[in-house]
Amino acid sequence: MKLSQHQISSFNDDLLKDHAKAFAYTAEKVSDIQYVLQRLQEFQVAIPSWALGTGGTRFGRFSGGGEPRNLEEKIEDVGLLHTLNRASGAISLHIPWDIPENAPSIKALAAQHGLRFDAVNSNTFQDQPGQKHSYKFGSLHHTDKAVRKQAIEHNIEVIKYGIELGSDALSLWLSDGSNFPGQLNFRHAFQRTLESLQEIYAALPDQWKLYIEYKCSEPNFYSTTIADWGQSLMLANKLGSKALTLVDLGHHLPNANIEQIVALLLMEGKLAGFHFNDSKYGDDDLTVGSINPYQLFLIFNELVEGMDARSMNHASDLGWMIDASHNVKDPLEDLLQSVEAIMIAYAQALLVDTKALEAARQSNDVVTAQDILQEAYRTDVRPLIAQARLLNGGALQPVQLYRSLKVRDQLVKERGAKTVATGL
Amino acid sequence: MKLSQHQISSFNDDLLKDHAKAFAYTAEKVSDIQYVLQRLQEFQVAIPSWALGTGGTRFGRFSGGGEPRNLEEKIEDVGLLHTLNRASGAISLHIPWDIPENAPSIKALAAQHGLRFDAVNSNTFQDQPGQKHSYKFGSLHHTDKAVRKQAIEHNIEVIKYGIELGSDALSLWLSDGSNFPGQLNFRHAFQRTLESLQEIYAALPDQWKLYIEYKCSEPNFYSTTIADWGQSLMLANKLGSKALTLVDLGHHLPNANIEQIVALLLMEGKLAGFHFNDSKYGDDDLTVGSINPYQLFLIFNELVEGMDARSMNHASDLGWMIDASHNVKDPLEDLLQSVEAIMIAYAQALLVDTKALEAARQSNDVVTAQDILQEAYRTDVRPLIAQARLLNGGALQPVQLYRSLKVRDQLVKERGAKTVATGL
Amino acid sequence: MKLSQHQISSFNDDLLKDHAKAFAYTAEKVSDIQYVLQRLQEFQVAIPSWALGTGGTRFGRFSGGGEPRNLEEKIEDVGLLHTLNRASGAISLHIPWDIPENAPSIKALAAQHGLRFDAVNSNTFQDQPGQKHSYKFGSLHHTDKAVRKQAIEHNIEVIKYGIELGSDALSLWLSDGSNFPGQLNFRHAFQRTLESLQEIYAALPDQWKLYIEYKCSEPNFYSTTIADWGQSLMLANKLGSKALTLVDLGHHLPNANIEQIVALLLMEGKLAGFHFNDSKYGDDDLTVGSINPYQLFLIFNELVEGMDARSMNHASDLGWMIDASHNVKDPLEDLLQSVEAIMIAYAQALLVDTKALEAARQSNDVVTAQDILQEAYRTDVRPLIAQARLLNGGALQPVQLYRSLKVRDQLVKERGAKTVATGL
Amino acid sequence: MKLSQHQISSFNDDLLKDHAKAFAYTAEKVSDIQYVLQRLQEFQVAIPSWALGTGGTRFGRFSGGGEPRNLEEKIEDVGLLHTLNRASGAISLHIPWDIPENAPSIKALAAQHGLRFDAVNSNTFQDQPGQKHSYKFGSLHHTDKAVRKQAIEHNIEVIKYGIELGSDALSLWLSDGSNFPGQLNFRHAFQRTLESLQEIYAALPDQWKLYIEYKCSEPNFYSTTIADWGQSLMLANKLGSKALTLVDLGHHLPNANIEQIVALLLMEGKLAGFHFNDSKYGDDDLTVGSINPYQLFLIFNELVEGMDARSMNHASDLGWMIDASHNVKDPLEDLLQSVEAIMIAYAQALLVDTKALEAARQSNDVVTAQDILQEAYRTDVRPLIAQARLLNGGALQPVQLYRSLKVRDQLVKERGAKTVATGL
């Protein structure tokens, strides 16, 4: 199913008057509204192909209806999101869940929807039917060279798919680790991982990047071989300038100060980008901004300040991707909420008076420093986001339009009520 | 496959001399060795039927071979464990994974293996094929009365199966909760849960008990409707004397002092028993004693002291069950390790000089209090466990015998390499 | 130092035009603006007497200047805050830090400032000079009856002071616990605490309440004798209807769902009220709303809905108090920021469309439920707070007025640069 | 007070027979008992000068009696410990708490007690009387260059004291950080810290080392400027080969896998050594091994294996120090318990069959890998420790001898009941 620009316009029409008023009120308080709007219009968040179906837990999965049955339908779904919010103009594929059998046609389809291909993701945390060696005890860190070789080759194959589609980064998350004390020689596991990564790194085209994700636990429950940002950074440093550290918001120990980690990785020129989500207990993969939106704002505050300090392009110099699991929500609605939460945090960060903030910091005026951040955070920036969307040709209220058009019902009709998208 | 008493004896023969020496050395330091041995001989830990296959995570499951294909084979597996360690003389079934189609024959089979049926477990955290209503949004707390009714009836059915098999407790874990702020009215969810439980409670036979498990998160990631011991106890108190709180070691927030919770529940006469496992990050369901054996000892220290204070029978007045998931170990070996770790903690607790401990506490002699506990904990009690096993007719070293007999190979031969037991 | 109404008016004058515009814009979207404003005007947060000086940690304390040197000056400080924000019309005393030697004169002074006396707090976590027995090993739970008696009598004395001042609640936080496994018999410690509390409870006047605070750790590092809401509630239930559970936001294990606890305590009629603060790692006692403002909103959402369900008066039927420590901020500025954050969360909660929320919950429309909460949370309610303050005669921007009047400089001049207020 | 060798011998005499039996039984199972005993005899744990008095929390401090009143008495106390256990042959001083006014005489005194001076510690987390600039907002990371300079000079002064005493390392823990979002520019704070450290580093003599401690929180509650091992390692790498990362067991986020961090730092040649203690909630600074002795063993398991892999000398190639706070125990007894716990963990680690372990790892035999570790851990190694102590001339049971000689009573008599040692 596809939305027409007309459907969007007529939906917006009814809301325009109220929106114009809200935007005028809000814009008046923004010192450089054109700058802010341009940034918001440019900013795009990639949608992972595996997030288009209902997610599950080890206890079960309650699939919804109308889930995409193949890569083409996944691209359609992302196209639909992008049509609604004009901020989801990229898709991140996962191999082998989304092997593009006919790359040119897939590329053309994506182009029709205005989508580009973001980082490609490999999978060595599950065994595929017919696979020679099992990843039960890990992949790139495995004690058996043959297993490592298989995992390396898989990653190189993923790069090839990425090249065909015009992607320029390999995003790598390893589930490698151990469940019990004694199971693993940490040092050897690290060294083997490094050697495997070196082979993959060698296969990267020029201009490509290698994103190295870290995670403190799960699915291994005693240790993970790339457990924190320090371990990822060590690997990235040993590999070379193309290797960078990817931050997934849900992959930290309780109470971690993620914004500080982000600031330091940026300082080192080693931040790859993000897997956005939110969580309360572990790697819960909840809708972005649903649990702790202030933390998200603080992270964006570091990003804006830190990228500006390095004259980086906000929209294109880091990788922005959602990585969430929608167990009890319509995946498309969840993704719309997630992108909205990201845009809000970004807009708030753009409103921070950084000059005044640095002055307050310089004089240790903690009260004022907090006030400056909260002044931006407490501002209702939704009219700014909506305006950027409007200027981009999107809907003023994407979820409402999605609902009023009964998109899910349509998808169920087209694809069936019992479809289960590939993914977790 | 079945082990003969002869196989065990001949295995033990080679080890007897060393064992006798170790036992003599250890027993000498125990003030009432007969008492300790009797307790150890009586103590039995129930094996859950779902723990006999390889477990998995939301990211995948790497099944081993020779997993039991039906309830009969599960009983065989537990029988095998019990033959080896003489401390696993009970099985805890899970409905609908283990529906006993012919109860008398199942009962007879269990009896042949010297097994009794421990608490029966219901399942309203997954949808079964053909099920009318979905549990996607919960079961006993569901906003829709029809769903609650279905879940209540399922629990009543589970009680019926339990009656047929001679069980005397229903163990209830709800996955009910919410993934996002706003999703749930906490108060209404609690009240609906209470009302549902009242209907189930009303269906309990005399002498039966209702075990109410709590869990701080997962599979719901924002709230769980029975989240902690306080919420479980509130329900148990409102229900009546048959309702008790079950403690699963992995179901607590980080750093929780579980031993204190155990002591207070015992004090209130409201402790049902345990689901034993170990964990480092979340509900990792690892082998008992593999991560923090001192905590396990501290819990048993409270149990021994608290049960003695109420003149309870250690072996029979609480429910003892393992609840673990064996992702990278042979499930039977894992269970042998778990039972051994439980017996060790129990034996250490039996060695605590409680009189001296109370005296030290009375005078706030913290150094001595710690020393008394660590004196017991640092003692190598393995010869005592082995002796109890020997007296019960078990193997001195169960895992070693299991391996030397190549039991797993046999099971694979009998059952196939690709079997997947029902469970998670 | 005292602010005149004239100073406030002339400060407001310059801001009135902008405020009027912002208020009009915001109020337009509120369905019953009069109701909201009245609630906000009535709502008062008590200031604890110990929060008027610079706080410290075990590593040191960096006092600021102009700290109050006695109870009179503490009342002056709170009076100043209340003059500024008209939302701090109560003070919570701590004995023996603030013994009112001449109660009638103290009462008169408070009345001049428009302040009432909130709950009085006892202190059995420190030894006072000349004290007969030490609290090194606890107070109400102590193994030595003489120590318990001393602590009980202290609490009864605190009640007497409270009666003289017109307070109507005793707020009790025990530091009792243990630092090492073995140190304490948990059961006996609980029973001794209960017995001690029964004696204190017996000394409560009619209409008085006993607030029982819980805390998961610190200053005892292995166990605390009232560790969580469940233990506090057990005590409150055993004591009687005057005994209630007090929630301090910083006293929970990592990741605890505090809003659910609040909802259930309200449901049971056993919620006493709050000690507001914020924290990232432990009981950090930071400015309210400085770390996780969304959590604060979620708590207020439960409060508004839960109190309305019981027809409770928002302003007077629970105890509202700040409990923070200002290590690097001017305490008065910090308290103004804290009260503002509380008012914001309360106002946002008042904006929640509870009817629509219940409808979304009823149909498990999780996306809409989240949207309803976030609609209220994302609204910039500061103009509503400012309007309520204006109507009450306070300053539109309290911190700015405080700064422009150079209040701290004045206080330093009056009281000296090296004063150290009693407290932590 | 000083213990004579005769007092020790006569105390040991009564215990010798039982000990000999226990040692024989235990030694028999050790493959190379001479090797193990030699390692145990050589291993020495430094006692920090600040740990000889009763510690406190922000809520209070309950001093015991007989605390050392000056550096000489602190040395005496450590001498006493070393006489008892022959494993505490070093002292770690803290400036300005322990300024050696007359270095040669202090050195001579230490030599008399058989003590050497371990790493010296600086203090820029408190303001000293007469200090020009305050550390309220940090030291080496301070925005004000003058404050940084003062802190740098203090550290250089500490090095000078260290040189005079024969120490060869500066151990540096910064409390620098922030309490509130916005307070700090993380990047600038890191850069300023690095520059300050470079100046200190430049002042290090040849052969000296700089230990850089990290800590996730406290006394700053939002961020700490050297928050985790990754940040410490980044600094150490940028500084040079003399700079190393110090691990304090209590300075990690909940659930951190410390043993893995240790293994990787060792691999990188960047591990400085340890501050030993134990904790349950935060940086609780409890007696080593009192909460989670298995974790301590796992850390030593990495140390033994990792140091052997680099042919390092266990006793001298890393810094071993206790850093604990004794709030409710006699500090000297607590330190004896701590050293004992360290020796036990070390001995257990020496017993691990590393060859078999590597073989099990190679074949992913997780059950066996765990068994190998637990075989060593479950062994009662206390007779080995006692034997090493005996061979070194120490007491078979140090705490018992300390008590039977009523050492604390003596110290109270000598020094008074109200003395308060410098420290926290």
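When the chains are written out, they are named A, B, C and D in that same order, and each has its own residue count from 1.
FYI, contacts are C-beta pairs under 8 Å (C-beta built on N, C-alpha and C of every residue); 3 or more make two chains touch, one makes a residue touch a chain.
By chain, with names taken from UniProt: A, B, C, D = L-rhamnose isomerase / sugar isomerase.
The shown structure was predicted, so the numbers you read here are calculated from the model rather than taken from an experiment.
Student: If every step must land on a chain the current one touches, say how few steps get you from chain A to chain C.
Tutor: Minimum number of steps from chain A to chain C: 1.
Student: For the two copies chain C and chain D, what rotation in degrees overlays their C-alpha atoms? Round to the nearest 5.
Tutor: 180
Student: Determine the centre-to-centre distance between chain A and chain B, using the mean Cα coordinates as centres, and give it in whole Å.
Tutor: From the centre of chain A to the centre of chain B is 40 Å.
Student: Which whole number of Å gives the spacing of the CA centres of chain B and chain C?
Tutor: Centre-to-centre distance between chain B and chain C: 43 Å.
Student: At which residue positions does chain A touch at least two other chains?
Tutor: In chain A, residues 136-137, 179-181, 183, 216-217, 222, 254-255, 257, 280-281, 287, 290-291, 294, 328-329, 364, 366, 370 touch at least two other chains, as defined above.
Student: Would you pull the chain C residues touching chain D in the complex into a rising list?
Tutor: Of all residues in chain C, those touching chain D are 56-60, 62, 125-127, 134-137, 175, 179-181, 183, 216-219, 221-222, 254, 279-282, 284, 286-287, 290-291, 327-329, 424.
Student: For chain B, which residues are in contact with chain C within the complex?
Tutor: Contact set of chain B toward chain C: 136-137, 143, 178-188, 190-191, 216-217, 222-223, 227-231, 233-234, 252-257, 259-260, 263-264, 266-268, 294, 298, 302, 305-306, 309, 357-358, 360-364, 366, 369-370, 372-373.
Student: Would you mind writing out the residues of chain A in touch with chain C in their complex?
Tutor: Interface residues on the chain A side: 25, 254-255, 257, 280-281, 287, 289-295, 328-330, 333-334, 337, 344, 364, 366-367, 370-371, 374, 377-380, 382, 399.
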